[in-house]
Each structure stands twice: as structure tokens, then as C-alpha cells.
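Data first, discussion second: the structure below is written as C-alpha cells.
Letters A, B, C and D name the chains as they come in the text, with residue numbers starting at 1 for each one.
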Amino acid sequence: MALIEHNHNLPFNIIRCSHVEYGVKDLDASKDFYVDTMGFIESERTSDALYLRGLEEKNHHSYVLRKSDKAEVLALGFKVAFDKDLDLLHDHFHSLGLPAEFVERHAEERTLAAKSPLGMPLEFHAKQTRVPTMMRAFDKYKGLSPLRFDHINCFTPNCQASYEFFVGQLGFKLTEYTLTDKGDMWAAWTHRKGNVHDMALTNGKGPRLHHTGVWTASVNNIIHLLDVMASKGYVMNIERGPGRHGISNAFFLYILDPDGHRLEPFNSDYLTVDPDWEPLGWDLRDPKRQTLWGAPAPKSWFEHGSVFQGVPVKESDIESNPIIGGYEDLA
Amino acid sequence: MALIEHNHNLPFNIIRCSHVEYGVKDLDASKDFYVDTMGFIESERTSDALYLRGLEEKNHHSYVLRKSDKAEVLALGFKVAFDKDLDLLHDHFHSLGLPAEFVERHAEERTLAAKSPLGMPLEFHAKQTRVPTMMRAFDKYKGLSPLRFDHINCFTPNCQASYEFFVGQLGFKLTEYTLTDKGDMWAAWTHRKGNVHDMALTNGKGPRLHHTGVWTASVNNIIHLLDVMASKGYVMNIERGPGRHGISNAFFLYILDPDGHRLEPFNSDYLTVDPDWEPLGWDLRDPKRQTLWGAPAPKSWFEHGSVFQGVPVKESDIESNPIIGGYEDLA
Amino acid sequence: MALIEHNHNLPFNIIRCSHVEYGVKDLDASKDFYVDTMGFIESERTSDALYLRGLEEKNHHSYVLRKSDKAEVLALGFKVAFDKDLDLLHDHFHSLGLPAEFVERHAEERTLAAKSPLGMPLEFHAKQTRVPTMMRAFDKYKGLSPLRFDHINCFTPNCQASYEFFVGQLGFKLTEYTLTDKGDMWAAWTHRKGNVHDMALTNGKGPRLHHTGVWTASVNNIIHLLDVMASKGYVMNIERGPGRHGISNAFFLYILDPDGHRLEPFNSDYLTVDPDWEPLGWDLRDPKRQTLWGAPAPKSWFEHGSVFQGVPVKESDIESNPIIGGYEDLA
Amino acid sequence: MALIEHNHNLPFNIIRCSHVEYGVKDLDASKDFYVDTMGFIESERTSDALYLRGLEEKNHHSYVLRKSDKAEVLALGFKVAFDKDLDLLHDHFHSLGLPAEFVERHAEERTLAAKSPLGMPLEFHAKQTRVPTMMRAFDKYKGLSPLRFDHINCFTPNCQASYEFFVGQLGFKLTEYTLTDKGDMWAAWTHRKGNVHDMALTNGKGPRLHHTGVWTASVNNIIHLLDVMASKGYVMNIERGPGRHGISNAFFLYILDPDGHRLEPFNSDYLTVDPDWEPLGWDLRDPKRQTLWGAPAPKSWFEHGSVFQGVPVKESDIESNPIIGGYEDLA
């Protein structure tokens, strides 16, 4: 059995995942997609970056789109409760022999840049510049009407090890999971903020970012985004869905931004704050796991991901499995 | 019993109600309300008028907002099947001793301007300038995402007589109605196009326009309009709702434009093309008639209406009734 | 150019398509699917048939499910305005050299059973037994909350000829269409009741029934049906969608009943009562035609259909076309 | 300024509000309302009580409806993280000179029954009997499709003192509030679980329970509940709404159960886990506070509440205020 105990004794408090920094090739193209089509609020545009947030958010940014030659991921961002947590995390990473150093980041008071054992670039902050919530400015809602950044989902070549790191060393809590036939973790959904996930980990060539999730108020907003994307010529950026995941119960859509970074607009997961909320295990062969409604995911959804800048990618330690995602059976 | 037979033998074919022409005091204020807030498409702006249409419509306009000193109604518009129907209607009105003459109207090929016995200004056309439907341009959807003009609802001081005119002389078909204790028509919903109504008639001081109805694709669009109106400072323009009518089964909202003209964004009525679809009679004392959910309509909703330009208003022939609308009982 | 004029001079009046009669192998299985899962109202169950209707309908039935050894289609039903129209249609079919005779049908006053030139079994009635609408009994709504039967869609091996029959001989009106490179009709949507279609015709092996369409009040009802079907073990009966058609603008879902008869729960088409509403032509190569959001239809959707009892099926006269539906390009 | 600091140093951890125990006069009537109309899941029925839960919940109950001669509130329930927290809370209440003792409660491992300074009956548990979530059993969804118990809202005659108790002594965090002209707390929304509130406190005759809040997945479920209530004869149990609160951003409805206990089905609040999420202060005179759309609440909404069993009710220390809720201005 590959499940480990939740670690209640860590001295620091990671509140939630907070943002992602994407390298993008054309800021204007990104603006058309994220702001004019999806409906994100532009907090600030600098000479080389767009800082965006959801309608509900008071943090300065949940998406940083940085002009780059490559469509890479520069950082996965997390918010901690207090400034002192940054120092505690700094020491914790060092005690694990992992890189962690304080860096300058625009609109953040202090930022700790660290690395997971596989090299995922994790950045922690306690305070971003505060900006007004646009939640009550309904005349600004458009496209998806994205409310907030919700989660990060990564491919990892060693899901068991990655799961043990996030749960055992950073205090994430398991909500749903799939095991391999040998009892190792195949995919794990872990959270800090009280819903299904802040960080999901899936077996596959990696480390790479699979997608970031964006919460919206209703199914209807996701349908509207699809219609708007079709009308604006983004039909090829629609990769999968809409559908209902068995895992997480989410009504989902997967789309690709102009650089191929994947986003998941979604709605309807559930509350997980109870310490006795039992993690839900799925059978790798259960097709409802991927989608409750049976429509298979396209091959790209299982294979394509965004690389982390400067981080080498490895094949999974688990041998290629014909039932990955079950899509071959269903197609 | 005040019900009369549907007249199947009229030689002309009125297809549907098509538009309304409102006198408005400030075209810019009207544009902010109708276009920027509600989401109507601006077909054309002339020196003294705004011509608007719903997202689905290919006719040039369903709302004409004409600069005026008074907040009056200038015309109720109807579309007939063919050009010849205009001539047949011309003769028909004359045979009834009612005014009817051909007039020039912007973006209409030929227009017949007539008067109902009580003086309602009825205008008929067969062809408006054709414009593109915006139905598939989902990136243009906003506010209510209004799809099409749906119906006209008028106060009349003699509902029985008005009902007999529209059904007996113009070929409208009754779908729902309320009778007085004496068996006269208190309120009547009549249609041409195959849903609940093109023209509704309600007892009250008149003739006056109570409201025009606008069809949208879903309940959620109406909720969104409410939020947008609140955000844009139009909270005092929200008069009643949202709610569900017993009559017509509509999910409704009543709002007032900057000149006090009332509109009813709505969704969910039903198909009435079957000749054997029996009209539904309501008891004047049944509170579900006005609203299925019990919330009383405000007094203004029973009293306020828009006058027709130059048409004198009379009190209803039916004495004031304490159960009008049932709101006194419910309030 | 393969478009013909609408025939305004026919003496009879077909109001709309009204029902379908399916041969089904197990009435209990059908009841579980149609009544307990989809939410149709059971009007009556006889020893060998289930008679169902939508929540809004006052006609006795819109689906007749008859116990049979084969999963066939027994009849396509249409409602005419008046009893006299049946006699006029009887003579009209005979004048065309087509079979037409009066038959006994449960809960119909008089029924004319006729055949299209290709053998489609068309049945006409003016009066079915009247039953109460359940539209206001919201506590009976479940599953899809199906409101009414909306349309019929058939494969035909000679789409041009079938189109000419329905438009030229029965008075249907064209709303949308696709032509072959040679200018012949590839697919045609035609209506009587004032929305996009009562009868759609698509090139393919036939005549066969592709699907029947069911109107519901909102997108959300379709999403809920998907969730309910998944929960009740009907995931393999979900064939395609949800999605948005370019054609008709419908938000659609395609599902298969226990006998493989296809249904299309849908929402959001548009009003077509205007005689000058121009038919919309689609390019056979435009992928938006099939689906606005880009997800390809499965192969079964292009190939599978229900045969008409005793009617031989022919291959299409048009040679196999690699761009049929565009799915090969997209898959 | 009446705001106090959040107390981060309390040794125990209250996870969230978890349930309410209502005294009801007729269990069958309650079952018809809560289970057959609203759609709660019946976890268990004993000789004198109904134990209900939302579709998502794994705790044994979130509503206990106990047969009683009076329509009273017997307990407000809260879940703590671990069993040890119960002992810490026991000592904490005693150190404050407040009653707290361990009692037997059906389906709870250990229960601490305590009293707030004003006498509110607060019960704490760490473990209820675990039952299956019905979240994925979509065929069981009906009425409101209630997912989970969300919050408790109480009248208090001394809002400032009640606020200081919940924030200062129990560790609740302030999210929104209204102050009197003198700078005292008029109303306060406080949470533990990371959304707008677990416990709201409003100035008024008390202590009394104003309502309990129930989370559902979408606006459409609330509209459907209204339709179902109207169809089942519960129209007089609809008290207020639907509408949008300025406070909390919730799309709300207020209904009364057969004993007059008020419930608030709602959707759409926001995430408040960030320690630097600033509480939002409202002006007592701002009508958007109560409702973004302008419709005034009925008088009953400001006056009616459920008493706590055996707890005397006092008038508010704050003198009667003509702007309470602003409804006099708006009506």
C-alpha cells in the first residue's frame, strides 16, 4: 500500500497554490486569449510581462505571462500564511538538501524560490500587492468569467516519490488517487485550501506541467467560453470537453493557450476540510475515473505538457501501460 | 362566456409582432441602457433615432428609439407574410371604418400605419432591410444576450372589445385568459407566431403599452442582466422579478428603460401551433396566475404604462377591483 | 443550383412533426430509459406498447414504443391542422402515385398512413386524445425534463429527391442546407412549425431514421441528463456531445435508447416564421457545420441509423466522400 | 473602531459549522419538505427524529429534526479537527465561566455541549458515523439538489459582544461586517472553513436563529426548487428571493420549513483562506448590502427567527433604527 499518513507536524503553513508563470512568445496574442477571450483581469502590463488575475482575486496576479523564446513554465506559485513561514520553508528545503533561495519578484514582498526533488520550480510568498476584487463588477464579466486560480496538475516520472514529497514534506492532503497494479501511486490529488486539489500529480514523462485549473461560478460560463472561442477562431485551442470527471466531480473543459499551455476551466468540486474525509481510491481500469460520460480524451491530452525551464524531462519509471486513461478501450 | 371563435377566414396573414417605436429623451442614455447594458445590436444610428435588433434577428430593427420630448410610444410594429397582405389589411381596416394609410418608414419597403378602435398605433410591413444575424457571433453576446423581440402587452380600458378586435378582425389566437366575475375578458394572451403571445391585453387605464417582451436563451442570462444592471447603477430600473409566471410559464424580469418604458426579458414559454391547443383560463383570484412563487408585484407594475402619442387614455370600463393582480392580498 | 421554391399553394396544412413509433424489444427496459431516466411522462401502457409524451405536450403521445422482435421504425407521425387536411393529403398522395390509406391508430381520431417515394412510413392525424400538460407540475420534472418532440432526421440515398418531395409536395420550408460539389442537396433542414426543422434529410444509406429531436428548456437539463445516465449505468448509451452545432445553433447531445434508436436532446435554435428568412447554406468542408467546438463526431454517428419496417435500404447515389462530416480530418 | 484582531493562538481547531437540531411538530411533514421537496438524503429515521444530510456529505447528519411540541432550536453543531480539541474546548469554556459538558448524541463519538455567553446552545464533535457521499449518484438529485450544510446566521441583542466571543474566544475570522454609527458591530460574517461564513451574527431580538444556509451547485437548482415548491403547494413557504446579496455575493433564496425554521439555499460565495484577505465593511445605509438588485426583503425577514430551547430572548441593546436593512426606504 502506497498511501502515507498526512503530516500534521510541519511548522509552516502553505495556504494554497496561487499562480503560475508561463513563458509566452507573443504578449499581444496572450492578451487576446486570456483577457479578451477568457475574461481575466489585467492587473498590470510591464515591458515584458502580463500580470493577470481572476474576477474574485485580491492578489496582484494568478497568471504571469512572460515574454520568452520558449513556451516554458518558469514557476509554480504558492501562498503561505505568514512571512515567517517563508523562513521556515527555506530551512526545511535546505534540511532536505533541496535548493531554496530568496529572490525578487514583481508585486511580491518576499519570494522563496525552491525546487522539488524532481526539479519543479516552486515559489512561495506571503504577500502580493493587494488589488481590488472585481467580483461585484458584473459588467466586467466576460468569456469564462474566471473567478480564481484553483489548482496545478503535473506529470511526474515517479508519482509515488512526488506524492510522498508533497504530502510528507509540504503538508498537502490526499483527496483522490489511483494506484498501479503493484500498489504504487499512479495519480494523486492533494490539497491545502479545502477543496479537491491544489496540486495533482499524474504518472508520465516529466516533470512537466499538465494544466492549471480555473474556477468559474457555473457550468453555463464554460459553455459560453466554448461558444466565444468558436466565434473568435480559437476552435483548434479546444482540446477536450466539456465533460464531467469522475475524479473530483468537476465539470471540466481543457483548452490550450496560444503557446500550448493547457488550462482547465471547471466548476463543481467539493469541500474537503474535514480531517476524517477519506481519500477516494479509483481503479485504473474504471473509465468513469477520467470521464463520467464516456467520451474518450484525445491522445494529446495524455501526452502533451509544458516543460519547466531548464529542467530535464525523464520517461516514467512505470512501463508504458495500454490502459493509461482507458482511452484506447473507449475510442 | 366571452370567448369567441378564432377567425380562420381572414385573407391576410400577420406573421408576428415585430418591433416597437419608443420616444426617448436622450439617445446616449438609451444606447447605454439598450446596447451597452442589455446587449442589443445597434443596426443603425441616424440623427434622431437608434435602430436596434436582437442577436438572432435579420430584420433591420425590433426597437426604434426616437429622440423625443416625451416618453411616448409611436408605433407597435407587425410583420405580414407578403407585400399583398398590406393591401388586404389596408382595405380591411377601411371596411371597419378604421384609419389605415401607407407611410414612409426607414428601412421598410412599404409600411401601412393603422389604428385599432381604441387608437393603438399599429404598423404593418412585409419587408425590412435585411441585416446579418449575430446569433453565431457569441463574442458579441453580453448583458441579457437578447435574441429576439417576442411580444407586446397593452393596457386596455375595454379588454373584451380589444380581444374581439385582435382575434376576430386580425386573426390572433387565444392561448391564456382571465375572465371577470361577469364573464368578460379581464386579460387575454393572443398569438400569431406559435408561442404564447404576440399581443397581450390587460384590463386597465388605456390604451397604453404595458411592456414589450424580449426572448433570451436561458434563465442564466436574465440573472446575469440583473447583476450587470446592479453593477452599472441601474438598480432603480429593476421593477419586478425575477420570477415565474403561472400565465405563460415564463421565467420573467421586468425592467424600466431610462424613459420608463417597461421591458420583459424572459425565457421558457411553450409551443402553441396546434389548432386544438385549448386556451387556458385562469381564476382572477388565483395568485399563481401572476407569479408562481408568491412574491407580489409592486404597485407600479399594475399602474405604470407608456402612453401612445396623441391617443387619449380612458379609465377602464370595469370598476376598480380589490383583487386586481391579487397583490393586496399578498403584500 | 439545387434549391427549389417553397410551395405556398398546397391545399392542406401540415402543422408539425408530432411523433415516432419505434419497435423495441423490451418494454420494461424502454420504460427505465425513457420514463425513469429521461423523464418522459407515461400517458398509457397497453399490453404491447408504451405511449409517452413530453412535459409540455397535450397530445396523447409523441413516442410510441411497441414491443417487437426488431429495433425498427414503424411510423413517422405528423399533425395536420384539421380533419379535412387528411382527405386532401389522401388524394394528394394518390395523385402522386404514392400509397396512402386510412388506418386505425390508438388514441388518434383518424390516421392516414402514407409512404414517401423512398418508402418512409408517414402517418398523419388531426386529433389525438387530449391529455393534461405537465408543464406546471415541476415536481414531475426529472432527467432531461423533456418538454416536447421537436424534429425527425433521416438518412436518404437521394437527398435531392427527398428534399424536393418534402418541400415541393408537402410544403416544408428550407432553413439550412449543404450542397455537394455538383450543386445537389447533401443535407437539408426543413420545417413547418416555425423553428429550424421538423424534418431533416441527410445523404447516406437509406431511407433510415437518424434520430428524433427532443426540446428541453435549458443547457443545464442536458448536462443533468448526462450525469443521471452515467449514474444509472447508461454511459455506453451516450454517443456524442454535448456540443454546439453550427447548423441550427443547437446545444446538442446524442444518445441511444436500449434498442439503438438515437435521440437528440437539444436546446437553443431560432425562430423561422418570417417568409423572408433566407435559408443558410453551409460549405461541406466547413467543420463548424457539424460542431462549433471542434470535437469530431464518432464514426457510428455517421453510419448507424434505424431502419423502417419492411423498407429496403439503398446505398447513397452520391459516391463515398472523404469529407463526409469532416470527421476524418478532425479525428 | 469595533474590529478586533483575529486570535491565532487558540489551542483547539474548530473546522466548520456542521449541523443544526430543530424541534419540529410533525416528522412526516418535515420529511415531505426536506426530503421529498428539497432533496436532502435521509440518513436515518428513529422513533423521534429524522437525520438528514446533503448529497455531498459523509457525516451522518447536517439536519436533525426532532419531534417536539415546539418549533425551537435545540443545538447548533460544529465539527472540530480531532478528539483532543473537544477536551481543550471543554477547558476553555470552563475557564470563561461558561457551561460545557460531555453529552450523548446519536451517531457522534463524543459530543461537548456548551453555551455562548448569551446562551446559544453550541455542540462540538470530532467524529460522526461515516456514511456514503451521494455526490456521484446524480439520479438521486432532486428539488434543490442540496450539497452541504454551509452556515448559521443568528440574531443577537449584542452583536459586538457576540462577535468578540466568536472571533476572540473561538477563533472565527471576520469576512464582512456592518458597523453602527457609533462604530459598534451591527452585523458580522465570520468563518472557519474558508468561505464567507460559518457563523453570521446580526443585531436584533435574540439570541435566536435567523437561518441556516445550504450550498447547491448552481443558480438553476435554486430556480428549480422554487418551481417545485410552487407545484407542491409550498408557495407560502417562500419568503424572500431569489436575489443576489451584496454581502457575500451569494445568489440566495429564503424559505421556511413547515415549522417556520428558515433556510437559505444559496450559491456563489468566494474563497477566504488568505490570511491577508481584508474584511469588507458595508455602510448600514447602502441598499446593495441586503440585495444587489433592489427588491426589498419582507418585514418578516427582519423580525422572524427561531428561539433556542429554554434560552430567554432580549431586545437589542441598540435602539430601534429606521434604516434597519433599508427596507422601509425601498418598500
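Please note the rule applied: contacts are C-beta pairs under 8 Å (C-beta built on N, C-alpha and C of every residue); 3 or more make two chains touch, one makes a residue touch a chain.
Worth saying up front: this structure is predicted, and the values here are computed from it rather than measured.
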Could you work out which chain's C-alpha centre is the most distant one from the centre of chain C?
D
Computed distance of Cα centres, chain C from chain B, in Å
33
So what's the Cα centroid distance for chain A and chain C, whole Å?
43
List the centre-to-centre spacing of chain C and chain D in whole Å, with centres computed as mean CA coordinates.
50
Which residues of chain D are in contact with two or more other chains?
136, 218-220, 227, 230, 292
Does the chain-touch network form a line, ring, star, complete graph or other?
complete
Using the touch rule from the top, collect the residues of chain B that touch chain C in their complex.
15-16, 56, 58-59, 79, 81-82, 126-127, 130, 133, 135-136, 147-148, 193-194, 217-220, 246, 249, 267-268, 270-271, 273-278, 292
Using the touch definition from the top, list the residues of chain D that touch chain B in their complex.
219-220, 223, 226-227, 229-230, 235-236, 238, 242, 244, 251, 287-288, 292-295
Could you pull out which chain C residues touch chain D in their complex?
37, 136-142, 218, 220, 224, 227-228, 230-232
